[in-house]
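Same chain, two partners: chain A is paired with chain B first, then with chain C.
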Partner chain A sequence: MGAHVTMNDLTWSAQGLAKWYGQVIALNDVSFEIQAPIVGLLGPNGAGKSSLIRLLTGQLRPSKGRVSVMGQAPFGNRMLLARMGYCPEHDRFYEQLTAYQFLEMLTRLYGVEAAGAARLADEALSRLDLTKQRDQVIFTLSHGMRQRLKVAQALAHQPDWLVLDEPFSGMDPIGRAKMIRLLRQQAEGGCRILLSSHVLHELEAVTSDILLLHQGRLLAKGMIQSIRRLIDEHPHRIALTAKNPRELGRELLKYEDVARVEIENDSLVVETRSPDACYDRIGELALAGGFQIKSMLSLDDNLESVFRYLVK
Partner chain B sequence: MNQVDSNNQAEIYDQGYRPFDGSLASPSTRFWPIAMRELRQAWKDKWFRRLLWVAYIPLVVYCVLVVISARFPTINLNMDGLWPKFWRGQLFLAVFMTYFIGRGAVGEDLRTGALTVYFSRPVSFLQYLLGKWSAVSVGVAGVTLLPGFVLGLFRYLAEPDSNMMQFLGWLASIAFLSGLVCALFGLIILAVSSLTRRSRMAGIVWFTMFFVLSAAAEGISEATGMSQFVLMSFFEINVKMAELLLEGSGGLEPGLWLGLGHLIWMAAGFSVILIRLRRWVRM
Partner chain C sequence: MNFVSNKAKPSVLPGLLESGWLMAKLFLKVAVGKKHLGWLLMVLLAPVGLTVYLRVFRGGSGEVLFEEIMVNAYLQFLCLGVSLFWGVSAIRDEIEDKTIVYLFSRPIRRGVIFGGKIVSVILFSFAILSVGVGLSYLVATVPEGFAYCTSKLYFLVKALGVIWLACMVYTSLFGLAGVLFRKPMLLAMLFAVGWEGFVSNLSGRFPMLTIMYYLKSLLGLGPDTEGIIAVLMPALEPAGHAESLAVILVGTLVFFFGCVYLGARKEIRV
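And then the complex of A and B:
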C-alpha cells in the first residue's frame, strides 16, 4: 500500500531492545539489523518471539531500546502499520463471521473503502484456496483452513511487509507446500516477510536468514548454513540400529573423527566431529551388508540441538 | 505477470505481491467496521431480534392512547406524565439492548486475542473504543431516540392543542436524553465487559448493577429525603433527567446534580476501560 519498499533501508532492526512485563523480562538487550526477502524467527516457547513480533507490529512499546521497520518505529505509526500485514498465532476470534465477512472487515480497518475491501477479500480467499469456504462460518472451518484464513487477512490489503506468527501450524503437507510457494511469490514481488516458527526445517524451506532467540536474548543471527556449521564443530550424534551393533561400533571407532560410541541392545549412538564423512561411511557399510544396518537417524538435526550447542 | 494462451483461452494468474493502488477511506470512519461487526454479532441472537420487536410495543400502545385521548375526550384517560412513563419503559428496554450488544464487546476481544489483530492495524485506541461504543449506541438509540421521535410526531399530529414549538422541544429533549443514555450505558457496559473475559459474567454484573443500584438509590433517597442519592444509579439519573426535561419538574439545581451524576458515571466507565486496556492506548 502506498510507497514501495526501498532496498537500501534495513528492513528489520533493533538496538538494545528490551521488553519486560512487571518482573518478567521477555526480551533483553536484543540488537540486530537484518535485510532479507524472508527472515525466519526461531526460538523455543518463552524465547521472546511473540514479544519481538508484537514490538515489530507496533502492538507494544519497547521498555528500553529501539525497534524499527524500514528505519521507523512501529508503535503508534499508522502510516507504517497501514503497509504491514500481521498474522497472529491465535485464531479463535469472531467465529460467527463467515470467511468473507472476516476478511472484508479486517481489510477495511486498513482504511480500504468498502468496495475495495470486498474485492481484496475475494482475491485473498482465492489466493489461499478458500473460495469454496467464502460464505462458511469460521466456526465450521478446519484448523488448516483457519490457518490459511489468518494468513489471508494479513495478505488481503497487499502489504509491503508481512509478519507471520507460526503460519504453518496445523497445516497438512500440501497446505504447507502451497504456503511456502505463496510466501516465495510474495517475496519475489518485493514484499518483505518475517515469520516465526519452532521448526527449523519449515523455515529452511523458505529462507536461509534467521534470527534465533533464546531466553529473551538473541542467540544467533544469519544464514542457517553458518549456524549449522557451528553445530558441526561439536560432536554430532547419529543413532543406528543394526544386527551387529558391537562390531559396527568397533568398525566406526577406527576412524579419527568418531569420538565416542554408545551401545544398547541392538542400537548404538555414534558421536562424530565430521558428520558428512561419517554419513558417507555408514552408507558404504550399509551397502557392504556385513553389519545389517536397519535404520539411521540424526539426533542433532533439530532446533533443540542448535540451542544446546549454542548455549554451551 | 499473468500468462495467457489465446488458443485455449487459458490463463495463469500471478499470485505474487502487488502494491495496493485502490482508494483509501478517511481514518475518521475506521471505527465503523468495528461497530458493524458488533451489530452483526448481536443480530445473530434471536433474543436480540425479539427484543427489537418488543421495544416498539409500548410505542404502539402510547400512540393508541394518544389518539383515543385526542379523538374521544369523553373517555377520561389520564395523560399526565406520559413522557416520563414512556421514557422509563424505553430505558428499561435500553438496559436489555445494551446487554445484548455490549456484554462481550471488549471481554471477547481480550479472551480471544482479537486486540492484537485490531492494533496491528492502523487503528487507534479511540477508534476502537468508538467502534464498540457506536454499536451499543445504535442499539440504544433504536429503542429510545426513534420511538421517542415517533411518539412526539404522533402527539403533534393527533393532539389538537399541541404546536410546532412544543413538538420541536420534545424532539430536542428526546435527542439530548437519548444521547445521554447512549453515552452512559455504552461506556458502563464497555467498562464492565473489559473487567471480565466472559460475556455471561459481564451480563450478570450489568444487571446486578442495574437492579441493586436502582433499588438502593430510590430507597435511600426516599428514606433520607435527599434526592441527590439518585446519582448512585445510572438508570435513575436518566429517569430523573427525563422528568426534568420533558415535564419541566424540578429546576436548575437538580439539573446540575443530574448532569454531574452523568459526568461522574461516564468518567468512571472511561477510566475503567482506560486502565484495563492501557497496554493498547496509543494515539
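And then the complex of A and C:
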C-alpha cells in the first residue's frame, strides 16, 4: 500500500489557508511550505495551532485555500491517514478500557491484523514506559501517564508522519526529557514530525525549524535562530534584583544599547537593544560585587512579548 | 526519486466489514463498562417482575398477559427508551467526549464509524430486550403448561420480530438526530413521548404519521383510543402487514443511510 510521493513534494504546506467557525476566524491567509525532520508550531493559546493541526490531519476541511501533506489534501484521504499518527491536545480517552486495550483497538483500525496490533501495542507501551500500566484502566492513570498513552497511540503503528498537539503538556521534567529523546529517535528513523507548543524552549529542544502563529496568522517561518535574531533586533527586557538598584541602573544607562531602566524597590527592568552585550556586562558587574545582584531574569523568554514585538 | 518507507506497514486499509466489526467491538467494550449499564439492565428486567406479579395476583390467559406486557412495557416504553438512549449517546458521546478524533484520524471511512455504531446499538439493544421478552413469555405461559407454552411460540417469534424492527428504525432515527443536532436528547425525548407515545394513540388518521402505529399493526393492534374523542372520531384500523413492513423498512433505510451520509460529509468540530 501507500501512495509513493516524490521528495519534491514538501512535507507540510498551505496556500492561502483560512478556517473559520461561524463568526470566529481561527486561521487567516496562512501560506507556508516546510520540509524538515521536525517542525515546531509555536504560538500562544488561541493562535490557531490546533486548528492548523486539525486541518493537516484531515479532521477539518479548509474554509478557504489549500492544505497538504506530501502534496495531498488530508481530509478523507485514507491512504495518507494510514501513514500518519496524530496525538490530540485534549486529555480524552475511552476511560473504561485498559491502556493495552486502547492501543490494540486503535492500532487495529489502521488495518493491522490482531496479532500484529497486539505486538505493536506492547512495543508502544514499552517505548513510552507504560508496560507496568498495561492492564490498568485508563481513568486510574496519572496525568503524565495519560499524556504518554496519547503519544503511544499515535506512534504504535510506526507512522511516516507524526503530528503532536502540545505533547509536553502536563509532563514532569524527566518525562519531558524522555519524550524529547523519543521524538529525536523517531525523526532519525525517517519519521517526519510536526509538533505544537506555546513554550519556545520546549520546541528549541527538538527542532530549529518553526512556524510562528499569532491570532490566526503566520508571523514567521524558518530557523529558530533567525526568529531569535528577529526578536533580538527589538528591545529586550531583563529583570534584575540587586541591593543597590538605583546605582546599578545609573551604571547601566552609561551604555548606548541600554534604552531604558525602570526601578521599583529592590528590582529594576533594563531594556536593551543588544541583549548579548548587556548580559555580559551584567555578569561582569555581578562578579565585581559592588551592586550585589541577586537574580536575573529574561522577561523576553515570555512568548507574549515576542509576539508583541513581531506584530508591531 | 521516490520516498519509500522501509518500516513495517499495514498491507491493506481496513475494509468495510472489518472497520464495522471493530466499531461494534469498541462500542461493546465501552458500553459494557459504562456505569449506567447496571441501572439499565434493572429497568429492562422490571417488566419480567411485573409479569410475575400479574401472573400471580391477577391470573387470566397467558397470551393476553404477554401481549399486554409486550406492547405496553417493551414496545411502547423500553424499546423506544433504549433506542433513544443508546442511539443518541453512541454518536453524541463520542463527539462530546472528543474521543471521535481517535477514530477520525484512522484510515476508516467516516460513514463506517457512524454506520458501525448504529448497527452495534441495534444488535446490543435487541439482544438485551429479547432476553427480557423471552423471560416475560415464559413467566406468562409456562404456568399454563409446557404444551400451552410451546403452542404459543409463534407469538413470541412475532413479538421478537417486531422488537427487532423497532430497534432498527428507532436507533437509526435517533442516530441521525445525534449527527444532525448538537443537543439532540431533549428533541428525541419529545419525539418519543409526544409524537410516538401520544399521537400514535389519537383518534382519526393522525397515528398514520407515527412509526409506532405500523409496529403495533404488525401485532394486529390499532391505536389505543379511549374517551369522548373515540366516540367523535373512530380509531384507525391497523395497517396491513405488507404496508407496515414497507413503511418501517423504508424508514430504517432512509434514517440509517441519512446518518451514514451526513456523518461522512459533515465537518464535526471537537
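Quick note on the criterion: the second predicted complex is superposed on the first by the 304 of 312 C-alpha atoms of A that agree within 3 Å, B and C clash if a C-alpha of one lies under 4 Å from a C-alpha of the other, contacts with A are read in each partner's own complex, and residues count from 1 in each chain.
Just so we're on the same page, contacts are C-beta pairs under 8 Å (C-beta built on N, C-alpha and C of every residue); 3 or more make two chains touch, one makes a residue touch a chain.
Predicted, not measured: the structure shown is a model, and the values here were computed from it.
*Asks:* Based on the superposition on chain A, does the combination of chain B and chain C result in a clash or a fit?
*Replies:* Once both complexes are aligned on chain A, chain B and chain C clash.
*Asks:* Give one of first, second, both or neither to describe whether A:D135 is in contact with chain B, with chain C, with both, or with none.
*Replies:* Neither partner.
*Asks:* Answer with first, second, both or neither: which of chain B and chain C does A:L182 touch in the superposed model?
*Replies:* The first partner, chain B, only.
*Asks:* Report for A:M79: first if it touches chain B alone, second if chain C alone, otherwise both or neither.
*Replies:* both
*Asks:* Touching A:Q158, do we find chain B (first), chain C (second), both, or neither?
*Replies:* Both partners, chain B and chain C.
*Asks:* State whether A:R127 touches chain B only (first), chain C only (second), both chains, or neither.
*Replies:* In the superposition, A:R127 contacts chain B only.
*Asks:* Could you tell me if A:E264 is touching chain B, chain C, both of them or neither one (first, second, both, neither)?
*Replies:* Neither partner.
*Asks:* By the touch definition at the top of the document, which applies to A:E284: first (chain B), second (chain C), both, or neither?
*Replies:* So A:E284 meets neither chain B nor chain C here.
*Asks:* Given 1-9, 37-45 or 163-171, which part of chain B has C-alpha atoms clashing with chain C after the fit on chain A?
*Replies:* Among 1-9, 37-45 or 163-171, only one stretch of chain B overlaps chain C, namely 37-45.
*Asks:* Do any residues of chain A touch both chain B and chain C, and if so, which are they?
*Replies:* Correct list for chain A: 1-2, 4, 57-61, 76, 78-79, 81-82, 84, 86, 88, 90, 92-94, 96-97, 101, 105-106, 108-112, 116, 153, 157-158, 160, 189-190.
*Asks:* Show which residues of chain B lie in contact with chain A when the two form their complex.
*Replies:* 14-20, 22-25, 27, 30, 32-34, 36-37, 40-41, 44, 108-109, 112-114, 116-124, 279-280, 282-283
*Asks:* What part of chain C is in contact with chain A in the complex they form?
*Replies:* Where chain C meets chain A, its residues are 1-14, 18-19, 22, 25-26, 29-30, 32-34, 97-99, 101-110, 267, 269-270.
*Asks:* Could you pull out which chain A residues touch chain C in their complex?
*Replies:* Where chain A meets chain C, its residues are 1-2, 4-7, 9, 21, 57-61, 70, 76, 78-79, 81-86, 88, 90, 92-94, 96-97, 101, 105-106, 108-112, 116, 153, 157-158, 160, 189-190.
*Asks:* Spell out the residues on chain A that touch chain B in their complex, using ranges where they run on.
*Replies:* Those residues of chain A that touch chain B are 1-2, 4, 54, 57-61, 75-76, 78-79, 81-82, 84, 86, 88, 90, 92-94, 96-97, 101, 105-106, 108-114, 116, 119-120, 127, 153, 157-158, 160, 163, 182, 185-191.
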